[in-house]
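These are the structures, in structure tokens.
Two complexes follow with subunit A in common, the first pairing it with subunit B and the second with subunit C.
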Partner chain A sequence: MSGFSQVVRGQAVERPPYPRSPLRYGFIPILMFAHGCAGIQSTLEPTGAEARQIATLFWVMVIGGSVVWLAVIGTLLYAARWKGEPHSAQSAGRLILWGGAIFPAVVLMALLAYALWLMPSLRPQSGEPPSAPLRIEVTGEQFWWRVSYRSKNHEASIASANEIRLPLGQRVEFVLKSSDVIHSFWIPSLGGKMDMIPGRTNRLSLLATKVGIFRGPCAEYCGTSHTLMAFYAMVMDPAAFDIWLEAQSQPSEELASDGKLRFISNGCGSCHTVHGTEATGTLGPDLTHLGSRESLAAGILPNTEEAIRRFIADPDVIKPGSKMPAFRMLPEDDLQAIASYLKGLK
Partner chain B sequence: MFVRWWHMVLVLVVAPLAVILFAWIGFFNVGASTGHWKITEWFLHFAMQSAVRTYALSVEVPDELPRAGVQPAAAHFTTGCAICHGAPGEPRSPVVKRMLPQPPDLTTVVDKWSDEELFRIVKHGVRFTGMPAWPTQARDDEIWAMVAFLRELPSLDPQQYRKLAYGSTGLPSAQHSGFERALADCVRCHETNGAGRSALTPIIDGQSEAYLLESLRAYAEGSRASGFMTQAAANVDTDDLERLARYFAAQSPPALERAPTSHAASRGREIAERGLSARRVPACLGCHGGSAHNPAYPKLWGQRADYIEAQLRLFREGKRSGTAYSHLMLNAAKKLTDEDIRAVATYFAAQASRSTMTTR
Partner chain C sequence: MRIIPNEMESLWTLFTAPVVWALHFLICYVSVAVYCAKSSQISFGFDVVRLGVVLVTIMALALIAMSGLLAWRQWGFGTHDPPHDDPTRHDRELFQGFATLLLSGLSFVAVIYVAMPLLFIAECSP
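On to the complex of A and B.
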């Protein structure tokens, strides 16, 4: 911004007292960062109805703001360079009335009306009966996401973690909670953000308009590993989504492995659930179908056997402040077998 | 005469040098044979008694001294304390009596101290005397057990004392070395079958061998805090520790009577089976139950409630260590209330004997 205004001033005034700043081309490297405005975590490249509305609101603001800004600067330059007779008090008074009171009031009213008009779809009232056929409850925990799907096709809710899948072109209602501190749920490409507040239930409604994988970060500082708390949101073709959700409601395919025995015998089931086994703990993420998830440890590791092994051994190193105790004392065989068992849970 | 600056120099520099010179020449007699001057002795005692009285102000006395701990404390007293202080039927040796200061015969002096003061002395020892601190600063429960024993001490006759300290035979071990000697030492508290003689002593018969061995090692090297057990395990050979673990693991526990289920036990069962998700307490049985579990996790079925309770409190306070797996319990126990701990302990204690449970 500073580089830009320097250039404008240089052109307009053309007088030497303004030294040529070595920073005058500083905006060029800044433009290079604009590359970051695209991609799987961008509000400027919307792939959902809500994000689209917010992006439109953003551009209206940016362009409108730029026009107002140019008008103000133009008036300023005009006033500074005017060499003729002073304007009459009456015409100056008119300018102040129209430019200083009526114009801003109209613009602000219009913006307010526009934003209020957007509100209902972005901020569904709580307590309202579920309007969407699919409701996804997401609970923020230090430092991961508890996810539970409620679909009209399924009686029971379907538990998952650290990944959200939604069908293309269908409205999905998110029920957002927190179990410990304030987190914030945000999928920039699709919509949000919405805080997750302990003891409260917030709601958000999203409609995805493009198939793809998008990323969501925790958008409210929540502790030591706040930056290591993210997830992937995958927008799927509705038919594929239904098949996937149906598969999620079933236990994982049993692979003959003694990794399962070691998983149980070392007590992993006290905190984690794997459907269809003795493991029914609910303190940590549900691990049924872990192997089929896009990422590991809330969006921070690739979902590979090696990464699973590493996380079991050193969760406190990979994710400081994690509630999971380290299992680096397990024999290498056990770590390997458990990692391979979990990776096999597709 | 005025005090001038060089007078100060004389005092601050020369006087300490003179003291060092005096010590270096070596005329100061550090021998114990002649005793202290009367005034030195009075001053040292006066300072010691005052310090104990003052520091004891911050000691919180439990509502009731843990009488269940009298037996293990007596057994520890035999190996740790009696050598200097003597015991009923075992007077102090002539050698000990020439220590300076002379360790008192406790039967005659414990009444002069309050419970807080005894606790303070036992826990921290006394500087400039032969009185050592407790082997660990993390086990106030053991120190209170010792205080409870000391309160009993003056009224014990030799026979009663020996029964407490040496086990049912009432005789010190005739073994002098090796595994038999080490086992005889264990048996004084744990009995030949590992059932344990007091409510605070764990039942170790039929316990997992891996867990017993790791625990013994941790006691021996002091990483699991216990004055009683460190004293007992520290001087045992590594090989003998393995044999001891094997020995007790192989004992079959006597059938325990199933206690009638109580309210506490049913709440304990709830915690054991499901945990307390609101307070992030995982289910105990995820590790301590089920069809198969890691042998490093102790078996808790039929364990004594008082022992489980004491250990859970230590975990909650972050003072319990042991096997390489013990840190798993720190988070698990952190949020337990006193009632939860009591309930869980009652539940496990009320379960049928371990031998009937399937293990891997």
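On to the complex of A and C.
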């Protein structure tokens, strides 16, 4: 208000010395927030061709927006502190026309044109399927991801869940579906997001440019445990990826364990598949190579025996609303043996 | 009967440019959506749709420019300065002309923005 009253009265007012405001340390929370811009789930630290375009678009928009903002604030300060003669109506009108209409229209047109120009490369089409050498079908389920790899080297598709592996430098086509409600598939480090809509098939093409482990969340509210639905995307060297995919196409090595018997006898196989066993259920995630995955329960638990045991006993506590019934009535021996068996499925 | 009337006596002239903008918006989005939905049954390529919408855009811009020109005339070609707030027929006409001119400018820019994606759309998504 003091600035305003200065203008109204047209005389300078001596400002009292301000006490040192705690706001001068405002940069500390800003730095803390900025720290969140890096990491395995960040659009601002791109590791894919599409994500790099998005990051560039973001910075162009931020810089363009900042220039406009600075111009507006600069004009505001100029107007508030100007103590000379008022502008003539004609020059004020000219300022409004150029500064208020023509300049914003041209700047917005340039930013819009740049964003539109980027669009085809943000959403590259890999042609009619199955032209892409590797196609990964991902189906959103409440609250996990059904994953199926189809490669030109393998006749049958290879089932997995809650984890996605990609070869470095090779374009991968994702075929995205949903079995229940709308989910959204997003690996911020690699590219933009794409909705998974029941009854529709959406496609997304990604090209990873850096080896590493990245995280993807479900980006569309899908129910009680929406925030507990995530996955890890692992970008691998192409040769290592081929070896891994070949191993995935085979059943896991048999281990001497009575956990398998208890797994079968307790009916786990009605919902889950473990290739090479009687367990052929498809309601829940495929567990054939569960032990080799980075995480458990769709990106929310570390993949340890203890976490597996806990999830079998209390899925309704760990992931409210999940369709898996709780098995806390099972004897501790059974839980431990099954957890140990599943962790051994590499 | 003249195509371009001598005087503006209807409030409808005020809405001409926004109506053209709205119709142009509809034609752009509906034609591309229908083409992409039915592309397997349609023999011509997307470039035909692109060209068609470019022609519609040129027509829309011409109509809006004409609306703006008439408004400019109604405003007295800028010889009177706003605000036109006297309770007289003359000021009402000037006010309407000035408002129509501003709306025409807005609609002109908006029609260009709406048509811009056409230059960049590569194809229909499968």
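What we mean here is this: the second predicted complex is superposed on the first by the 310 of 346 C-alpha atoms of A that agree within 3 Å, B and C clash if a C-alpha of one lies under 4 Å from a C-alpha of the other, contacts with A are read in each partner's own complex, and residues count from 1 in each chain.
One rule holds in what follows: contacts are C-beta pairs under 8 Å (C-beta built on N, C-alpha and C of every residue); 3 or more make two chains touch, one makes a residue touch a chain.
These numbers were taken from a predicted model, which means no experiment stands behind them.
*Asks:* Clash or fit: subunit B against subunit C, after overlaying the two structures on subunit A?
*Replies:* On the superposed model, which is not a single observed complex, subunit B and subunit C fit side by side.
*Asks:* Can A:G269 be said to touch subunit B (first), subunit C (second), both, or neither?
*Replies:* In the superposed model, A:G269 contacts subunit B only, not subunit C.
*Asks:* Where does A:M109 make contact in the superposed view: on subunit B (first), on subunit C (second), on both, or on neither?
*Replies:* Once the two structures are laid over each other on A, A:M109 reaches subunit C alone.
*Asks:* For A:M329, decide between first (touching subunit B), second (touching subunit C), both and neither.
*Replies:* It touches subunit B, and subunit C stays clear.
*Asks:* Considering only touches as defined above, state whether A:A89 meets subunit B (first), subunit C (second), both or neither.
*Replies:* A:A89 sits against subunit C, while subunit B stays out of touch.
*Asks:* Look at A:P120 in the shared chain and tell me whether it touches subunit B only, subunit C only, both, or neither; answer first, second, both or neither.
*Replies:* second
*Asks:* Tell me the angle subtended at the Cα centre of subunit A by the Cα centres of subunit B and subunit C, rounded to the nearest 10 °.
*Replies:* After superposition on chain A, the angle is 110 degrees.
*Asks:* Applying the document's definition of touch, where does A:R203 land relative to subunit B and subunit C: first, second, both, or neither?
*Replies:* Only subunit C is touched by A:R203; subunit B is not.
*Asks:* When the two structures are overlaid on chain A, which partner does A:T56 contact: first (subunit B), second (subunit C), both, or neither?
*Replies:* Neither partner.
*Asks:* Just to confirm the geometry: in the superposition, how small does the C-alpha gap between subunit B and subunit C get, in angstrom?
*Replies:* 25
*Asks:* With the touch criterion stated at the top, can you tell me which subunit A residues are shared between the subunit B interface and the subunit C interface?
*Replies:* none
*Asks:* Provide the residue numbers of subunit A that touch subunit C in the complex, in ascending order.
*Replies:* 89, 101, 105, 108-109, 112-113, 116-117, 119-120, 123, 125, 128-129, 203
*Asks:* Taking the complex as given, what residues does subunit C use to touch subunit A?
*Replies:* Where subunit C meets subunit A, its residues are 81, 105, 109, 112-113, 116-117, 119-123, 125-126.
*Asks:* Show which residues of subunit A lie in contact with subunit B when the two form their complex.
*Replies:* By the definition above, subunit A touches subunit B via 261, 264-271, 278-283, 323, 325-326, 329.
*Asks:* In the complex formed with subunit A, which residues of subunit B make contact?
*Replies:* Subunit B residues touching subunit A: 275, 277, 280, 282-287, 290-294, 297, 324-325, 327-328, 330-332, 360.
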